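Given below, in the form of structure tokens, are the structures.
The two complexes that follow have chain A in common; it is paired with chain B in the first and with chain C in the second.
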Partner chain A sequence: MRDSAPPLLSVNNLRVAFGGVERVRGLTLSIRAGQTLGIVGESGCGKSLSWLAVLGLLGDAAKIRGSVLLDGSEMIGANRQTLERMRGRRIAMVFQDPSGALNPMRSIGWQIDEVLRLHRGLRGAAVRVETCRLLDRVGIPDPVRRANAYADELSGGQNQRVAIAMALAGRPELLIADEPTTALDPTIQAQILTLLKDVQRESGMAMVLISHDLSLVSEMCDMVAVMYAGEIVELASARALFAAPAHPYTRALLAGMPMLDGPRRPMVAIRGSVPHGQDMPPGCAFAARCDTFVAACARPQGMHTVAPDHVALCHRARIAT
Partner chain B sequence: MEGIAVVLPGFFCAGIFRVMARFIAWRLLRAVLTVLCVALFVAIALRISGDPAVIALGPDAPAAALQAFRAQNGLNLPIPMQIARQFLAMLHGNFGVSMMDGTQALPLVLRHVIPTLEIAVPALLLKLALGIPAGLLAAVRQNSWIDRLVMAGAALGLAVPNFVIGVLLVIVFAVKLGWLPSSGQPSFAGLLLPVISLGLAGAGVLARFTRSAIVGVLTQPHVRAASAKGLSRSAVLLRHVLPNAVATLLPVIGLAIGGLLAGTVVVETLFSWPGLGNLLVVAVANRDVPVVECILILSAATMALSNLVMDVAHAWRDPRIVRGRG
Partner chain C sequence: MAAMNGKARPMLISLALGWLVLMLLLALFGGWFTAAATHLDLPHRLQPPVFFGGDGSYPLGTDELGRGMIARLIASIRISLLIGFAATCLGAAIGTSLGFLAAERRGWIEQAILALVDFQASLPFLIVALALLAIFGNSLGLFIVLMSLHGWERHARVARATALEANAQGYASAIRHLGAGRWRVYGLHILPNIAGPLIVSASLAFPEIVLLESGLSFLGLGVQPPLTSLGAMVGFGRDYLDIAPWILVQPSLVIVLTTLSVNLIGDWLRDRLDHRL
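Let's turn to the complex of A and B:
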């Protein structure tokens, strides 16, 4: 796991605020080529927002601070051309709402063609041939004809696969996949995951996998970051995280996870709600919901190293497990 | 499900064609009905507004002459019969004889179409060339000073009738500066003022529509996805935003094209331009029923036809319309 090669992407203290309210509160992590990083956490904790900020896709209303280095060059505050050259080619994204991410007035083939012309320099008939090959790889039946279909003529799951094909079309070094398999049935999901792994093996593509599906994350990811209220509360190798979660929030999340091979249990709701904006306590953001709250939790928390490659934002993490 | 789709590709394509053909047929029927309704309305309104015999022969005409006129023109028949006969004649291009100069109304009206188009077409082009880029700029630079300027100009163009702009232009350029003729000359210089006063007012309205259409597209998530692909900002605008916005603008542009013949009345009067609008004003003043009817029906037909074409163009750009999911 530990590797001396410099990271492909390193995010340092990334902060995203809207109208003075911080929604991402200091994200720090790094990804190496070929690695898969899982991002988990309750809805609204800033998973999507962080990666939209990395790609510079948030628009003027978002105030972004911190640093994102791609192969050592800074992307926060970089000029538009620099970001445009990087998007789609070096870092591609599969959006959480794949049907919305497709232009309703262009055929899906046209939209994949566009990426191939832009990033792969393909021209003429070769473009559509490659588009159909990509559609075939993501399991769209009869790709030659389906390439002429529009997003509203396909199912949500098919649109999701089209979005994945489109993101892979630019042969990115890093793929950010935001809930890429939510609308897929288990067979197709397995097929897509195999495809993504194949692409990673062939090209060394790194991947950020944002998901609510913890068993998927445990299966696919090398590293996992657990986000809570806009910050990472635990970051560890997938094996360590699932075997020995150090942060109470992670433990609460995992408690809702179905046992392998066991019957699916409903996700256990964690009592209370996520603080944000003005309610954000100075200490641990999870304190009000934590079963193991002590006075020290009300003081600002720092990252503690639990083990090599395993950190948690909890003062008890040192002594846990 | 998948199997059916594989077995029936040919059927599927034919289906799309049939759906499109049915869509066009429906819109065509609607256009014809619209024109028919207008014609009916005009015919009834003109009949209610006065006895055509009295109008034609004057209030002092002797009763015998009025009777003869009625018999000759079929005015003794019940009104529905009269209208039916008149519609039949219209289908053959016979709108009746102008009461002003005794010639057929249709050729007389058609002769006046050309001068109207001479100012209406350049004015339309001016509207498009000014309104769409201005709206685009305002939408892309939302809340900037450019946006405010365009929107203020558009509000002004909307609030101030085009004849006010025309009068102002005449005062400045014709009266004060003496650069341009103020009226009635079918020359390039004579065209300028009517075209500008028509075009400016329309451009404001179009700029507003363009801006809101583009802002509407810009907020759709697929635009962010297009940026995420690595397209430059101008490519996103030109390939994903503007074409989608134009699809929603087509009906508005259709209205502008449809109004080519009907929208120039005031400006033609102001500049004494010898076009359709002028003819209409004169014909109304003289109670020249066939000419008025002919002009109104022609305008309605232009409007209906233009709407039809724009509807079909819209459906072609955005197939969801035809499939009824738009």
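Let's turn to the complex of A and C:
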């Protein structure tokens, strides 16, 4: 499974702090071209924040350290022009709330036209032709007429399709989908995910799928990173993660997931809450909520290799499996 | 665009538009009358207009110095409209820019701008205007800048609130993530979204500025002779209210009709610009 080709994006020890409180505490991962990486974790664990930091979108209040290499060039601390040229063209983003992500006063065609002009250098009639092709690609019927519609005239699912078309307009190498289906109903969810998968297969772009939905991630992704309190606690191939979760937090998450098939069993909630800011323990952040707590958990933890392509931030990981 | 066809223009809007166009034409091409506006015809002072029983040699009558009311009115409309439009546009530009600046930079810059907004909103503007006029003296350019400071804080508030909302989790952040620079985000994305509130706010500011100018001129602190404005005419006409009411009534009527027209058109424009309405 290991690939000797250099990764498209490699994040090394990324740290994001607001007012002295670290919200992302040393994120390390890499993505190869064409790969799908899922990032799961509960609200506030820093899964969206990390990617905003990668794109340089957090403003002056955030203190960002670490390194993010895109094709070998450093993105942390890069100047504004460099980052603006890169956003949308090399890394694009799709959001949770599709209706909010579209400008209510501009037609959807206008908005896709704009990205095409920005990143593809298209001019004149060619712009609208490409816009209609993109709308057709994401499954908007009658694109020529629909290009003149406004976001409020389309359904939520169609708006998300338009947002995906906008993100695809710059032909990015990496698409970051931040809970792209959370605001949509289940039928539409499946359609949007199929669309994303198809588009990815055609274009060979890499994708980061941020979600708190474990089953969605297991279907869509090659690799899955589980985040807890600002760090990755387990990183593994989707199959390995669900077959043999090594970190107690991952196990607890899976235990809290209802199964459609198999025996009925009560869902298990994780007791306690996530430590924040100053209350962060020096050792394992999950220690206070962990059922398998031992004294050694109070010491700072390092990544343990459970299997090839499977690491967990738990000193008992090897014992547990 | 879908919003631009289909709806018929209401009669009232047509009338308001017609009046405003007439005022603008008078303001633009009224330069020929400014010489006549200062021409004294003392033997014919306080001639009543035709509808007050005048003989028609001066259709709208003459004032206390025998100057023709038509020429006076046109010269006044010219100045009042210049001040009204220039100050409204300048005020909208200042307010919107500061609002966007606050939303973009946050931190102490935002705090400073918000403090200015509160300061402006809590102080009676007339007092500020009087103080500044007393310190800096009076010229038309300075007067326009001063009038533009009236109402900028409303534009700033609207602009900041809209920009914050759009930046937080909306279309502005979305297009930023796709590589748009800040000029593009504010100019092409957020500005169209505040066009509606901005027009309403400006159409309220315009009559306020015209009235404020009238008030200051009435007090003798606004437009100085030989220049004249609608407010100055009302001010000078007050002394002759009982023997020659037309001196005061006619400019007052122009003020009322113009401000009403701007309000009506502003309201209508906002509806037209928003395709959802």
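For this structure, a couple of remarks:
One rule holds for everything that comes next: the second predicted complex is superposed on the first by the 300 of 321 C-alpha atoms of A that agree within 3 Å, B and C clash if a C-alpha of one lies under 4 Å from a C-alpha of the other, contacts with A are read in each partner's own complex, and residues count from 1 in each chain.
The rule is simple: a residue touches a chain if its C-beta (ideal position, glycine included) is under 8 Å from a C-beta of that chain, and two chains touch if they have at least 3 such contacts.
Remember, predicted model here, so these are calculated numbers, not experimental data.
Once the two complexes are overlaid on the shared chain, A:M93 sits against chain B and chain C alike. Legend: residue contacts after superposition of the two complexes on their common chain; A:A61 is shown touching chain C, with no touch to chain B.
In the superposition on chain A, A:R145 contacts chain B only, with no contact to chain C. In the superposed model, A:V115 lies in contact with both chain B and chain C. Shared-chain residue A:V311: touches no atom of chain B or chain C. Across the superposed pair, chain B and chain C both touch chain A at residues 55, 57, 80, 84-89, 92-93, 95, 97, 100-106, 114-115, 118-119, 150, 152, 163, 166, 170. Within the complex formed with chain B, the residues of chain A that make contact are 52, 55, 57, 80-81, 84-89, 92-93, 95, 97, 100-106, 114-115, 118-119, 141-142, 145, 150, 152-153, 163, 166, 170.
For chain A in complex with chain C, the residues that touch the partner chain are 55, 57, 59-61, 80, 84-89, 92-93, 95, 97, 100-107, 111, 114-115, 118-119, 148, 150, 152, 163, 166-167, 169-170.
Contact residues of chain C toward chain A in the complex are 1-2, 106-107, 169-171, 173-181, 184, 188-189, 192-193, 195, 274-276. Chain B makes touch with chain A in their complex at residues 2, 5-6, 9, 12, 220-222, 224-233, 239-240, 243-244, 247, 317-320, 323, 325.
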